[in-house]
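Reading through the structure tokens given below for one structure.
So that you can tell them apart, the chains are marked A, B, C and D in the order they are listed, and the count of residues begins at 1 in each.
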Amino acid sequence: MLKVAIVGASGYTGIELLRLLHGHPEVSVTCVTSEQSAGKNVAEIFPTLRSRYNLVLENLEPVRIAERADFIFTALPHKAAMEVVPTFLKLGKRVVDLSADYRLHDAREYAAWYEPHMNPELLKEAIYGLPELRREKIAEADLVANPGCYPTSIILGLAPLLKKKLVNPATIIADAKSGVSGAGRSAKVDNLYCEVNDGFKAYGVGGVHRHIPEIEQELSLLAGKQLTITFTPHLVPMDRGILSTIYAEPAGEVSLAGLVELYRDFYHGEAFVRVLPENNFPSTAFVRGSNFCDIGLTVDKRTGRIVIVSAIDNLIKGASGQAIQNMNIMNGFPENLGLESLGLFP
Amino acid sequence: MLKVAIVGASGYTGIELLRLLHGHPEVSVTCVTSEQSAGKNVAEIFPTLRSRYNLVLENLEPVRIAERADFIFTALPHKAAMEVVPTFLKLGKRVVDLSADYRLHDAREYAAWYEPHMNPELLKEAIYGLPELRREKIAEADLVANPGCYPTSIILGLAPLLKKKLVNPATIIADAKSGVSGAGRSAKVDNLYCEVNDGFKAYGVGGVHRHIPEIEQELSLLAGKQLTITFTPHLVPMDRGILSTIYAEPAGEVSLAGLVELYRDFYHGEAFVRVLPENNFPSTAFVRGSNFCDIGLTVDKRTGRIVIVSAIDNLIKGASGQAIQNMNIMNGFPENLGLESLGLFP
Amino acid sequence: MLKVAIVGASGYTGIELLRLLHGHPEVSVTCVTSEQSAGKNVAEIFPTLRSRYNLVLENLEPVRIAERADFIFTALPHKAAMEVVPTFLKLGKRVVDLSADYRLHDAREYAAWYEPHMNPELLKEAIYGLPELRREKIAEADLVANPGCYPTSIILGLAPLLKKKLVNPATIIADAKSGVSGAGRSAKVDNLYCEVNDGFKAYGVGGVHRHIPEIEQELSLLAGKQLTITFTPHLVPMDRGILSTIYAEPAGEVSLAGLVELYRDFYHGEAFVRVLPENNFPSTAFVRGSNFCDIGLTVDKRTGRIVIVSAIDNLIKGASGQAIQNMNIMNGFPENLGLESLGLFP
Amino acid sequence: MLKVAIVGASGYTGIELLRLLHGHPEVSVTCVTSEQSAGKNVAEIFPTLRSRYNLVLENLEPVRIAERADFIFTALPHKAAMEVVPTFLKLGKRVVDLSADYRLHDAREYAAWYEPHMNPELLKEAIYGLPELRREKIAEADLVANPGCYPTSIILGLAPLLKKKLVNPATIIADAKSGVSGAGRSAKVDNLYCEVNDGFKAYGVGGVHRHIPEIEQELSLLAGKQLTITFTPHLVPMDRGILSTIYAEPAGEVSLAGLVELYRDFYHGEAFVRVLPENNFPSTAFVRGSNFCDIGLTVDKRTGRIVIVSAIDNLIKGASGQAIQNMNIMNGFPENLGLESLGLFP
């Protein structure tokens, strides 16, 4: 049994790790931390865990944690992560970090969008953990930077097209919509039920959302050239789910049948990417509670644009599920272990 | 008092007309029809109306209706509308039609997207009833085609830019999101609570939604040249509201301050269009229950694209409120009469 | 025009007062206060008000407010209200207080459920402002204690039965369900969208909710004898609305027809209480956005118990709408002025 | 591997069986039926199942089904179930029936609440499948009548008190609230998103809901005497979950600590009943997606009444999960096999 610690276990990605790992046959969670709830039982914070978990949340003392765990999930806010990850690595632990701290390869980019990086040398070592694109490197990594939720949906949605150079990389627009859990569990008026319910809004309009550099880094690598995108996030009155509607102009002649075939081939054998048949499009309702990314696409006959729609559960394939998928790969477990639940519908 | 009939009063636009007209000082609703609920009191179908309305739904017999009403709202499905509107006109009544039947100027377009038109000669007479663009013609019209909900949000969002030729008309993408009331009140599995709640999806992807010809007709008129757009509608788990996120590439140099100024000027004096300050973007939650269209916009500094976000209540500015606004104009009433309610928040 | 101040205007009852008073022909809001948002425009906090209100939130300085307003709504938390209400009264202003501070007649009760009262002498003067029970006293009062939301629904639901001594007062159980806006607008994890959405729970179980003394005080007055009730509040994932299901054992023989008749008589002429026909029961969806209290009732043939179901919009008949109704009465305005909107459905 | 057929697989309990059985190591689903969707792949109807199920829905031909399956779940409407269950039994198959057809022991009761029973002799054989009360009989049964959702929550909530004769059985009131999936997947206006969302209502008020005879039958057996209850169901705007708030007067002296102890003892060793600590009460949000029944209780100090709150996921412990629990017992599998998922929160 792999002994696992969850650092920052009182947020939504923390509880999701606990929920999913409960069904993982090779893992035992030995240690959970939370600054604000230290001393409380996890089942007190998250009554879903009652009678199945009996763990007390601790303060974040890396050395003491490292004594009891061999594998670490850091589910902390950015900055808090880079304060502790190096210690865990020095202590010989392998880490999947769910924050943004190790996703960008370029420390200047990190500084431009966040703040100066505290251990920029690790940016070279960290592997951006999108298994469908980088499985072999993940397997050998000590530090995996778990992708953001919006980036996961957009990169998986565009990867086949960019890799095959079938779209003009200057024309990409990603109009993305997220459930409210993406905003985390901190007490803010903006995320109160009555502020969100029965309403829909855009936010971070105009190229200011911090997921942009991460998306552009990965899309540029796929395209083989630097590109920029227009990205607009929106807030949907629902708990979970991200749906990204992505627009791009084809680089040459394309057919819908050909594109679907391309996507099928590209994702052939992938356990968690489902390419939908022609004229089928995903809904977040059909991936809720699962680690799937569903992708549908079409060509707008009148304007010629390609439209790709991809959907994930932001807390699973967009966070904790993908983190466990990475952990499985890093430890030589079957990649789908603990992740085989189907979506909860309705 | 203007005697008004609502033909097709048992759907969501029908009840919304009743609700809004209850507060209109110059109007008396004398007649309501419904094929499926004829014989029932409207308050039985819509208990919100209890103790304030005491009207029995009738079968749709135009001559008998015309005896008791001088002004007609037809809130019928397309095709059903064009079966009765000519009769009302011949009987000397003025009509605001909430269906799609008289929105397109070109009968071939109507045939291509719907079916052959039964009275194509009326397409020349009917005025597309967007007051902000066509107030004078509405005032004198006998037949006003009330705009669709998606078109209202998109046309108002783009009008200033197209009119001033500030965008490349070949680059328009409208990614629109609607609450569920837009789907009407008919019993379909797809619109059941459990099918919609806590999920988000695209539909009509790839240039197939019937609002497209209407949007393109009006945008082309504004631009002074024929254009096509990419339009993707989505379904939001909420009752009311449409938010359209619209992308276009500028035709030349633009500044954000200049654009906001342009929109302010363009909509100066309009009672129901609110241009938001820079860096403010609308939410459907802030127009719910009101006749407002809120518009925010920005320029994406990294890609240069203009992004416009517009929000309406689909049942009010997107349907029944705009219909009453048109009625007010046609009858010389103050345009805001009966429409001054502020949004219901939360 | 009556010059009105809203003290505590940045919460949900504050904005609801602003929204409703916008349509009131005899009132002008001259002054709004908020401790945490002083200096901001109300339309910045509540964008629904944009282009219709242009008021800056001020600090709470009673003397300066009293210079500009003749009538005061205090929409403050309990305790904060009793710190300022006496000053307004001394300055000759009339006050409707929406907090709990003046609802209980007995200072010991207030101390037992809240804390020691700062001006207990006012408890004798204040009138509990349920217009249907106490219209004449409200008309002459200087200080009206606006009833709580749960109490409004329960007292109106039981008044006819208790007044006529048709139920055994020892057998009353009120199982009540509220939308989330009842919890106010403060930033608490418990009220985050993701904590509330798609879930249902009881809270304050076992006789500990602070609305109990207020309910029992009024029910005891109606019954002519002291009574206690079992009251369980629940949280419904919706913005607005309270529905109370009330159980009581009849004191003697009763018939359903007789009970409906009794309720019809009791509430005859009331603008805002609708007694539903036999076998009809209310939904909060049908009172949302209106000042109505809908009441349906039946007799369980198998157990003999009377079951009463009453529904209100907690922010309107349960708070701001009732406050305006009281203001209308106190100022000799028609009681329904500004309150005639029908429910927003859907 | 046990070969299992799901008869009536296109409703919400059908898909829930498929979802849960996907994770069951001892079961293979070989056959699914649906009258209205015969010929379609289950993944077409329920896209959550894509890439994990490849089963075509068939017409209901019992003999052909029995050739390919050894164990049958009938997830049909009442009446449709009793038309086929006898055939499956005659063919030597064991059946868990999720309809109401075999829950009542008395054919006259069934006739009074439903219609004349077609095979009343089976009512004696069928075992009411609440494992916590009747595990041994279930193990040997050929036909298990799977309990209704409301009954499961109420019977588990009251069993310890009635068994120990600690409450007056004439005083029981169950005020129950259900998510919308309880209404099934048929296309009815009443269950449309816009009719349900953001509203709360009672229905079946006054002793008319068909779950009453089933609840009373089981409670009477526990109490050792015939009793009647007052039961009011309500509709909550959420997908899943039932929460029952149950009131009863104690038969003698009781203490809260004693009651919690009693419940703990009564349910000791039960995998799926969680008795909460004093002053903790359940939420449907904490059992959503799991097979748990959470129970909290208290004594109202002021009125002396006992208040019990129980919560389940109506589609799992209230239907498909309990059906699988029964299947596990009938086949000698560990009772929790395939049912160990924790609740999905948020």
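The rule is simple: a contact is a pair of C-beta atoms (placed from the backbone, for glycine too) under 8 Å apart; a residue touches a chain by one contact, two chains touch by 3 or more.
Just so we're clear, the structure is a prediction, and the values are computed from it rather than from any experiment.
*Asks:* Fitting the CA atoms of chain B to chain D, what rotation angle results, rounded to the nearest 5 degrees?
*Replies:* My answer is 180 degrees for the C-alpha fit.
*Asks:* Looking at A-B and A-D, which pair shares more C-beta contacts?
*Replies:* A-B
*Asks:* In whole angstrom, what separates the CA-based centres of chain A and chain C?
*Replies:* Here the centre of chain C sits 45 Å away from the centre of chain A.
*Asks:* Averaging over Cα atoms per chain, report the distance between chain A and chain B in Å.
*Replies:* Centre separation, chain A to chain B: 38 Å.
*Asks:* Between chain A and chain D, what's the gap in Å when you average each chain's C-alpha atoms?
*Replies:* 36
*Asks:* Among the residues of chain B, which are close enough to touch at least two other chains?
*Replies:* 12, 181, 194-195, 197-198, 237-240, 282-283, 286, 288, 346
*Asks:* Tell me, which parts of chain B touch chain A in their complex?
*Replies:* Residues 173, 175, 177, 179, 194-195, 197-203, 205-207, 212, 228-230, 232, 234, 236-241, 243, 245, 247, 281-286, 288, 296, 298-303, 305, 307, 309, 311, 346.
*Asks:* Which bits of chain B are touching chain C when the two form their complex?
*Replies:* 12, 15, 18-19, 22-23, 46-52, 181, 197-198, 239-240, 274, 276, 280, 282-283, 286-290, 292, 294, 340-346
*Asks:* What residues of chain A sit close enough to touch chain C in their complex?
*Replies:* Touch residues, chain A against chain C: 12, 180-181, 185-189, 191-198, 237-239.
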